[in-house]
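Once you scroll down, you'll see the structures, which are given as structure tokens.
Look for chain A in each of the two complexes below; its partner is chain B in the first and chain C in the second.
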Partner chain A sequence: MEKSTAQTGVTQASFWTVGRGAFALALLAAALFPVISGSTFHFHIAIMICLAIIATMGLGVIARVGQLSLCHGAFVGVGAYTSMLMVMRLELPFMAGVVAAVVVTSLVAALIGGPLLRLRGVYFVLITFALNELFRLVMLEFPGLSGGSSGIANIPAASFGSLVLDEKATFYPLALISAVLVVALVALVDRSMIGRRFSAVEENITLAESTGIATARTQNLAFIIGSGIAGFAGALMAHYIGFLSPETFHFELSVSYIIMLVVGGRLALWGPVVGALILTPLPEFLRGAMEFQHVFYGVALIVILSFLPNGLVSLPDRLARLGGRK
Partner chain B sequence: MSFLIIQSLVNGVILGLLYLLMAIGFTLVFGIMRVVNFAHGEFYMLGAFAAYFAFAVAGLPYPVAVAGAFGGAIVLGAIIERVVFRPFRGDELSGMIASIGLALILQNLALIAFGPDPLSMPSLVSGAYNWGGIILPKSRVVVILGSMVILAIFYYFLMHTRTGRALRALVQDREIAAAYGVRVELMYPLGLALGAALAAMAGAFMAPLFGVSPFVGGTPLLKAFIVVILGGLGSIPGAVIASMLLGLIESTTSTFFGASTADIVVFALVIAVLLVRPSGLLGHKEA
Partner chain C sequence: MKFKSTLALAVGAAIAFSAPPTVAQENKTLKVGALVTLSGAGASWGRGMLEATELAASKYNEAGGIEVGGETYDIEVIAYDDSYKANEAVSAANRLVYDDEVKYIIGTVGSAPILAIQPITEKEGVITMTLGFTSEALSPEKPYTFRPNLTTAEVAQPQIDWVVESQGIETVGALFPNDETGEQIAKDVSASYERAGAEMSAIEFFERDQVDFVPLLTRIMSEGVDAIELDGNSPETAGQIVQQARDIGFEGAIIRTGGPATAEIVNVAGAEAAEGMFVHAGLDPSKDSVNAYITEYEETFEHSMNGFSPFFYDGANMLFQAMQEAGTVEDTDAVRKALESIESYEGVLGELSWTGEDRYGIAHQIDAPFYVAQVRDGKEEIVATCDIEGCE
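Take a look at the complex of A and B:
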């Protein structure tokens, strides 16, 4: 009996090392794929995946204190518009635009976070839903800032001094490095004291409060970090796509981030990466059949929620446990 | 000027009634199942299609079309409760995310089946009543009378029948209701089925006014959301007051300041209410 448990322990451990190795290799292969194929279309998809990873990572940080934000797309929008205005109106360099986008979104989150985060659960979801609509309506109302419903085109490409990243192949390294940096940042947060406070608040806010954690401040911090990351994604997006319209930041954008987060794994570090990797390429490959793809999204969301509430990331663990039980 | 005020008040009450039909099913579903149902608007859309095919295509009488939408939605709602929402009982957040998935599925299945082009539903009546300058289109009068009949029947069902009492008991306290013999296993599917059926009838009634397409569910869902936030999630009297309030605010603000200002004012009000009184005007204290 003892021997058999020891054996399954060994197989499980090796399963894990093999699994992790395979996951790392798959990520590397995915990252290098466009470089090897050299196709601009593949570069485009890879860039969109990186942008989705960054934004969804931000949503994941907010989810770490147990809150689901339906205005994440609006924060991506705030970042995109801030950077666009900095670069196009004030003629600042691209980097300044990105920094401004992160600072402004974090400030907005800090300002509204206090009263907003007193609400929890479905009430928080409802107010963030209303905020996302409000953002879109206000942007449509002020065409001087946003270009109104016709949007703003010809946003300058990302550049560092004389190095202009105006092609997909040259923008991709920037997008990839940014995604890696954001994942690393969130990993750091997870390992720090702050990360432990986040999960304490997520698990039981009353208990967290009674053990001396400043729950309001902890939630605010997660909201500020998550929204700042969204702003970063927005700035990159603005200078990559070169076109912004209030309709880009429709409620559906927020929903797509939620789908990626839930499908990948709500609280797992690699959840957003897995979710974005699987769900972003679909619209590009299924161009002609948007509605089939949306049906697939809906089914995936419900199936994952019912059978794998911790997302696809928890699948190997589930399989290992099933195997161990036999 | 006073004409303008009275006209906009009348319009406001009409709008309010339409919103109420939508919001009451939404709030009932939340009260019973604790699910914020993002797919509520899709039941409205399906009801509009059902009425279109029954009335405009098959040539059945209008009341039969509405009854068909009602029956179809009851069956569909009960099935969906079993298949989609059952695993998420007691988990508000997951239930809500699942309803987002459900909305995507229903809307895009409709898109596959019926195509994106809006269909126009013929009106039942044409012309308008004119009372000393206050204009009331007859098609709207029909919708209002229909809504009032449905709301009256629903009110009677909820307040004076055994099943209605069971549903209300469930809204107040699930465990105690179950202990007193309310059959939760029947009431959950019934709750979603009724919510879906109310939305589908709203869709069937409003199809002649707002057209029929896979995307028509978005706006009514948004209005139901706003009404329910203002009135309190799960509170039916709250929904009544809030939908009238919303109708009046929208029509007066858009008469005097324009439609987009009306939208912004409404959303600002929603956010203010959520911050000051998250449980809404008449909701129970929680959260």
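Take a look at the complex of A and C:
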């Protein structure tokens, strides 16, 4: 009996090592794919994946304290508009725009986080949904600021001094490095005391409070970090696409981030990466008939929530356990 | 297992090596993108544009291909859906331009999508033919964008002058979608009614997905308006508004100034609710060419035709003619110039030329005849013939 348990342990451990190695290789292959193919379109998709990874990582941080924000798309929008206004109206450099985007979104999150995070479950979801719509409608009402529904075109490309990243192949390294840095940042948070507080609050908020954790402050901090990351994604998006319209930040954008997070793995570090990698290129397979995309999303969500509640990242673990049971 | 795979390999090799060498020289392929809305509100416009392009292409393909500069090409139409969204349109445009390597795009349907994709298409010299009503779509800085359909800016004033005068209308209410197209049309139409001597006294904006208009219509009716204007709404939405307005007892005139949509409106609202509506008609059904196009379209695709479709059929044909005149499909600058210089083109719609130098700074706007019609038993009955100067 002992022997067989030990054997299973070895099998699981080797399964994990192989699994991790394969995952790392798959990520590397995915990152290098556009470089090898050289296709501008593949660069575009890869950039969109990086931007989705960054934004969904932010949503993941908020999910780590047990909240599901339906206004994440609006925070991406706040970041996008802030950076655009800094660069186009105040003629500041791109980096200043990005920093301002992160600062402003974090400040907005800090301001509204207090009263907002008192709500839990469906109430929080509903109020964040309303906030997302509010952001879009307010932007439509102030065309002087946002360009109104005609949007703002010709937003300058990202640049560092004389180095202008106006080609997809030149913007891609920036998007990739940004995504890697955000994943690293979230990994650091996960490993720190703050990360452990996040987990405690997510697991059981009453218990966490009884052990002396300042739960409200902890939730606020997660909301600020997550929204700040969303603002960063928004700033990059504005300077990459070059066109902004309030309609881009429709609540469907927030929903798409949620789907990526849930499909990938809500609380796992690599969940947003897996979700974005699979779901961002997906519409391209259905580009001729987008209505099927919603059907697919619906079915994928139901299947994953039923069989893999911890997302696709938990699949190797499930398989290893199944293998171990045999 | 091993035997099976060996056998499969042998059979495969035999087929590969025994294939006869191609005798006839194959045509090259000319790819044309159709970046249109195929799902959600606005899908009927998108389908009309896509199928017009397919019909124009199939004419050449059935005749053995299109001859340009001594080469023969089969035309392949690649259709992508943008769901009427700017960010989806950007991804689809990236795919069309860089992956499929098209040099011609029919689309987009919406205004925000065309403004969003222009940085790519203008930079890469890709000729686009958009339906987007925004005045910003056409400008001297965007030499590769053309608009083969009339917009409110062209048709509103002559039609509104005629309807206001002939029906004695003083106050008008209107519902517009809350987006770039809706706002632009609201601005244009309000100014036109004012110039015609009437007042746009009640304006409501709504989200494109909305289906219940009773609260908005009730508010408009409480202002005691003589007429309701439907310009800027998708055909399905316009149909719903007509039906709901009549259901709650609105008896005034219902006017649709721009955008052909009568068939869809009657389909949704029913002939009874739509009876007596004044509509913009881009087509004169008494014209043989128009009738022939409608018949062919409906036989080919087995559903009713959206009124914008013939504009894009003529537009696509003008584009193909421009390629032939320029003698190239690769040099889009030459094709663009050839397209600009087409004058008095005899299309399904009648005689077509390019206009818009005064309004947009570039003559990339189609100049076509149009009509005011009244709906009788679910069909359009022409009551006035118009051009940009006025109606008679």
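The rule is short, and it goes like this: the second predicted complex is superposed on the first by the 325 of 326 C-alpha atoms of A that agree within 3 Å, B and C clash if a C-alpha of one lies under 4 Å from a C-alpha of the other, contacts with A are read in each partner's own complex, and residues count from 1 in each chain.
As a convention for this text, contacts are C-beta pairs under 8 Å (C-beta built on N, C-alpha and C of every residue); 3 or more make two chains touch, one makes a residue touch a chain.
It should be emphasised that the depicted structure is a prediction, and the values quoted were computed from it without experimental measurement.
Trainee: Please determine, from the superposition on chain A, whether chain B and chain C clash or fit.
Mentor: Overlaying the two structures gives a clash between chain B and chain C.
Trainee: So which one touches more of the residues on chain A, chain B or chain C?
Mentor: B
Trainee: Does the superposition put A:S39 against chain B (first), chain C (second), both, or neither?
Mentor: Touch status of A:S39: second partner only.
Trainee: Looking at the overlay, does A:P115 come into contact with chain B only (first), chain C only (second), both, or neither?
Mentor: Only chain B; A:P115 stays clear of chain C.
Trainee: If you stack the two complexes on chain A, which partner ends up touching A:S150: first (chain B), second (chain C), both, or neither?
Mentor: Touch partner of A:S150: chain C, not chain B.
Trainee: Looking at the overlay, what does A:V255 touch: chain B (first), chain C (second), both, or neither?
Mentor: first
Trainee: In the overlaid three-chain picture, which partner chain does A:M48 touch, first (chain B) or second (chain C), both, or neither?
Mentor: Touch partner of A:M48: chain C, not chain B.
Trainee: Output check: A:E247 vs chain B and chain C. Expected answer is one of first, second, both, neither. What do you get?
Mentor: After superposing on A, A:E247 lies in contact with chain C but is clear of chain B.
Trainee: Where does A:L140 make contact in the superposed view: on chain B (first), on chain C (second), on both, or on neither?
Mentor: In the superposition, A:L140 contacts both chain B and chain C.
Trainee: Who does A:V299 touch here: chain B (first), chain C (second), both, or neither?
Mentor: Only chain B; A:V299 stays clear of chain C.
Trainee: Overlap of the chain B and chain C footprints on chain A, residue-wise?
Mentor: 140, 290-291
Trainee: Which positions of chain B touch chain A when the two form their complex?
Mentor: Those in contact with chain A are residues 36, 84, 87-88, 92-94, 96-98, 100-105, 107-109, 111-112, 222, 225-226, 229, 233, 260, 263-264, 267-268, 270-271, 274-275, 278, 287.
Trainee: Can you list the chain A residues touching chain B in their complex?
Mentor: 68, 115-116, 118-123, 125-127, 129-131, 133-134, 137-138, 140-141, 255, 258-259, 262, 290-292, 294-295, 297-302, 305-306, 309
Trainee: Can you list the residues on chain A that touch chain C in the complex?
Mentor: Checking each residue of chain A against chain C gives 39-42, 44-45, 48, 140, 148-151, 153-154, 168, 241-243, 245, 247-248, 250, 283-284, 287-291.
Trainee: Could you list, by residue number, the parts of chain C that touch chain A in their complex?
Mentor: Of all residues in chain C, those touching chain A are 38-40, 79-81, 83, 85-88, 90-92, 94-95, 97-99, 111-112, 115-116, 118-119, 134, 136, 178-180, 182-184.
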